[in-house]
Amino acid sequence: MAEAVEVSEGRGVMHLFWRVRSPEGAAEAIARFASADDQQAVTFSVLGGRADAGLMALSPDLDALDRLAKDLHGRGLDPVSSFISLTELSEYTATEDDERARLVAEGDDDVDSKLAAWNARIAGYRQNRLYPTLPDKRLIAFYPMSKTREPGANWYSLSFEERKALMLGHGRVGRKYAGRIIQLITGATGLDDWEWGVTLFADDPVAIKDIVYEMRFDPVSAEYGVFGPFWTGLLLPPDEVFSRAGA
Amino acid sequence: MAEAVEVSEGRGVMHLFWRVRSPEGAAEAIARFASADDQQAVTFSVLGGRADAGLMALSPDLDALDRLAKDLHGRGLDPVSSFISLTELSEYTATEDDERARLVAEGDDDVDSKLAAWNARIAGYRQNRLYPTLPDKRLIAFYPMSKTREPGANWYSLSFEERKALMLGHGRVGRKYAGRIIQLITGATGLDDWEWGVTLFADDPVAIKDIVYEMRFDPVSAEYGVFGPFWTGLLLPPDEVFSRAGA
Amino acid sequence: MAEAVEVSEGRGVMHLFWRVRSPEGAAEAIARFASADDQQAVTFSVLGGRADAGLMALSPDLDALDRLAKDLHGRGLDPVSSFISLTELSEYTATEDDERARLVAEGDDDVDSKLAAWNARIAGYRQNRLYPTLPDKRLIAFYPMSKTREPGANWYSLSFEERKALMLGHGRVGRKYAGRIIQLITGATGLDDWEWGVTLFADDPVAIKDIVYEMRFDPVSAEYGVFGPFWTGLLLPPDEVFSRAGA
Amino acid sequence: MAEAVEVSEGRGVMHLFWRVRSPEGAAEAIARFASADDQQAVTFSVLGGRADAGLMALSPDLDALDRLAKDLHGRGLDPVSSFISLTELSEYTATEDDERARLVAEGDDDVDSKLAAWNARIAGYRQNRLYPTLPDKRLIAFYPMSKTREPGANWYSLSFEERKALMLGHGRVGRKYAGRIIQLITGATGLDDWEWGVTLFADDPVAIKDIVYEMRFDPVSAEYGVFGPFWTGLLLPPDEVFSRAGA
Amino acid sequence: MAEAVEVSEGRGVMHLFWRVRSPEGAAEAIARFASADDQQAVTFSVLGGRADAGLMALSPDLDALDRLAKDLHGRGLDPVSSFISLTELSEYTATEDDERARLVAEGDDDVDSKLAAWNARIAGYRQNRLYPTLPDKRLIAFYPMSKTREPGANWYSLSFEERKALMLGHGRVGRKYAGRIIQLITGATGLDDWEWGVTLFADDPVAIKDIVYEMRFDPVSAEYGVFGPFWTGLLLPPDEVFSRAGA
């Protein structure tokens, strides 16, 4: 038996997109995978013609993700595309020092207790980025992205402070869609062709279009974002995804 | 049964392009789809060799669009390409304030009643963009497009006023072709690989070539337009499209 | 029966490139098409491995072109690539005023009769661009092209006068090859992925290489030309093209 | 029998990525290859859907590598991608003169014996780059890369000294990951589409992501690096790789 | 019978790359082709997975090249890629005037007889470029290339003198590898997607890597070269190439 290939922090994340031929036992294989501790999987019917069905799966063990992929492949799900990434913290989130400075600057007279609450909130936020629980929504949208490295627009030549300032504005747009959009950003540098994967969950397709469109005007995207293919799918139980695919 | 995945405003739009193998019952499936309230579909024989046949379908429900796509796929229509978008209003159309200022500047002595007529006309125009009725023409042309985001030509770094001024000139070219060309622009940011889809309907192929060529000199296209593949098709009833495809 | 989809001026042009499986009756179908009034077709064996055989067909009716394409497709000719365009006049050719000014500047004492001759010659030239007769040569070369729209080299941001001046130089190179090369430029903006198609006919492959190489130094190509795939073929009767393809 | 095609210095390196159909005897063929003197091979299960399995093989003889590739191809391993390169020394490593100058500048009073030790260490390092022993790890990551040659960022227009200075900074990042990451850079200019291949070995996927991400901020990568597809795999014995692939 | 399509000067050159299924009689067909006057062919086993086997064939007659290609295609060799070009002289080689000036500048007192010897040598060189004899080596490397036409690096906007000066430096690097590398440059502008094809013959793979790497620092390549896919193969007799491919 193969041993686990463990991710030292966070989760391994696998997005798969298939043509569906004859998914004998595929729904059961996905259910088995998702029943293990610390493992999750959602399936979706891919809109448009580039693929029939898709999967997003999380595990602390890359070997478990690979065995699932190969098992499904052997059951008549032909790979069309995929993305391999890891959950990760953002390096640009505010620090405790940032927050204390902000509170002091506001003349807050209860800095310490507010800071304690902030720390608890941030700890929950970080836990959720590294060990997320996939939400129950009707729609999933996924796209990979990188930052530009060209003369005149080179993200990787900016200082940390410049990048952090740019990312804060980006975060503000994201927070406007709280409740309508749940977003998970995972890191793929060195593991897949793009540097990050962005997965959005929503019930209303207009919300997906609106948030990505609005973010495009933010300098982080306008000047430094390069986007890969966009996949949109209807989240449905595996058996419905596969039967709908005509198999 | 799957529940509807509703578009909160406007319509979901699905363009599909296929190789045709053996379209058993495909024409009937399309007719059934198009018979539902608020749903429309037109089919076309694709010119050239990239695909045999194509479909443009509208629905308030993405789930209904997906079920149609998967049903046709299972009936011997193999997907070659596709585009998923939503109808949307233009953010750059003149406002009531713009129009009042224009009338006042012209020294018009009947601003109020003219403004009322203008409002009615605009309301119809907006209704038509969000809830269009596909016209009865001989030709369809479709292409996806995005706006550039490169050093020296970054649409998303322009101010709203700059973009609005540029779009007004663009609209003037469009209006020259009123009657010869019917144009529908739908939004796809976050949903598909390009930011917009442009669908043109016409009877004369020269009109399609002329409008797209003339618009290319407009700064909006000349400097900021990036265009994807261009598809041209002959609009025909589904059974003729499929029988012509040799199936 | 489908009705004609007529081109209001000029001819519809279809380039097709195929893998050949079992072209049952394909040569006859092409002959039937070419026997109709105002319709022409030439076939060629494609050099290299990207396709086996190709067709260039002209008709005033896009529907007739589409029926031919689908008919051949159903006869074991699998599409590899294609190009859809329309014959068109150049917008940059000299006007009667240009020619009169030129004659006057040369001190010509017989401007009127020379202008009449010029007008007749130009009328023939225009007729030939819109309604060409495909020549009888041994070789065909085809490539699609567009003009650049990038910061620093944007054809569509130049004035008409600048573009006309640049095109005149381009024409001079073309005329040096009169007799050795017959060239047909057709327009595809809005209809296919590139803005123009260039079709060259010659007997000597060196002439094709020389004219395209020499033109590349002309600023129109050097700075503003973007070129798609180049296809070269041996013009042969349909039955020889198909039997050579091993079918 | 074909004679050897020998690499005059270093080793020939072949990366292969396959779809696996029915690998009859493939594991045995790989074992036979790897049992020969100076030959090595490792196999891996490819993460994601772009390929099922992969191989990295080294030999002093390109003919032996080619016979292995063709033998495996004939055994039901269908090629998806590949990379051909040679091991090579870096031209930018410090010279004895560099090291002596450094020691003298530090005021070292035992330059000669330290230089002798340095020479021994460098000799081992060079031997290892030209004649590496593939390590025993759980993960392999491979990506090809080139250096930019564009206006404003042209690596090949820099002087040797400028390039050497840039590469030294790059090396410093690499050394931070000593123990967690083993890296092998091989040269492919003139042999394959990219100029170099980078192969990383690790046990923790986070280490792969971290080193490639951190290096991206180094000017060598930020300004001059162009990266091809990234492949990640789980290193496993051939029989396990092939049985997992469902064959 | 088809008549010859003759190249008025030089030879037609066809590079073909195949997947090999069942090459019944392919080796014999190649031998027959190569037995004709003025025709040559070499075959090779392609390194890596992009193709199984390749051919480089020369003929004064494009029709003969096409008949060979189609014949082999019908014998179970499926085309993967190809390149069509013509042998040609370099336009940048030194003229007799250049050489006389050089000799005079050197104060040579025997200019006339040295010029005669130079003329004889150059005549042989030119004959060899137009009508080459393919050498007997172990390795072949092929890549297509073009010159850049972008703002800031436009080869075709340079004067002839600037281009000639740049090419002379390029030639000096080439001469350093005399004996280790035999190079043939053929022209493809207007005939194939790239402007030139470069074919290298060598016994040592390190020599191929070294010459292409060293040339990349030459401004002609560093600033103006755009390179297509690189193919490397082991030169072997046709029957060995095909049997090795597992067919």
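We call the chains A, B, C, D and E, going by the order they appear; numbering starts again at 1 in every chain.
One rule holds for everything that comes next: a residue touches a chain if its C-beta (ideal position, glycine included) is under 8 Å from a C-beta of that chain, and two chains touch if they have at least 3 such contacts.
Every value quoted in this text rests on a predicted model; they were computed, and no experiment measured them.
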{"item": "Contact network partition after chain C is left out of the picture", "value": "one piece"}
{"item": "Fewest hops from chain A to chain E - one hop per pair of touching chains", "value": "2"}
{"item": "Between chain C and its twin chain E, rotation from the CA superposition, multiple of 5 degrees", "value": "70"}
{"item": "Fraction-based call for chain B against chain A, same above half, different below", "value": "different"}
{"item": "Whole-Å gap between the CA centroids of chain A and chain C", "value": "49"}
{"item": "Distance from the mean Cα position of chain C to that of chain B, given in whole angstrom", "value": "30"}
{"item": "Per-residue multi-chain contacts in chain B, two or more chains", "value": "150-152"}
{"item": "Direction chain D, origin chain A - full chain order round the ring", "value": "A, D, E, C, B"}
{"item": "In the complex with chain C, residue positions of chain B that touch it", "value": "45, 47-50, 52, 138-139, 141, 143, 150-153, 200, 203-209, 211-213, 216-217, 219, 221-223, 225, 229-230, 232, 234, 236, 240, 244-246"}
{"item": "Chain C residues within the chain B interface of the complex", "value": "2, 5-10, 12, 14, 16-18, 62-63, 65-67, 69-71, 73-74, 79-84, 86, 88, 149-152, 154, 156-157, 187-193, 195"}
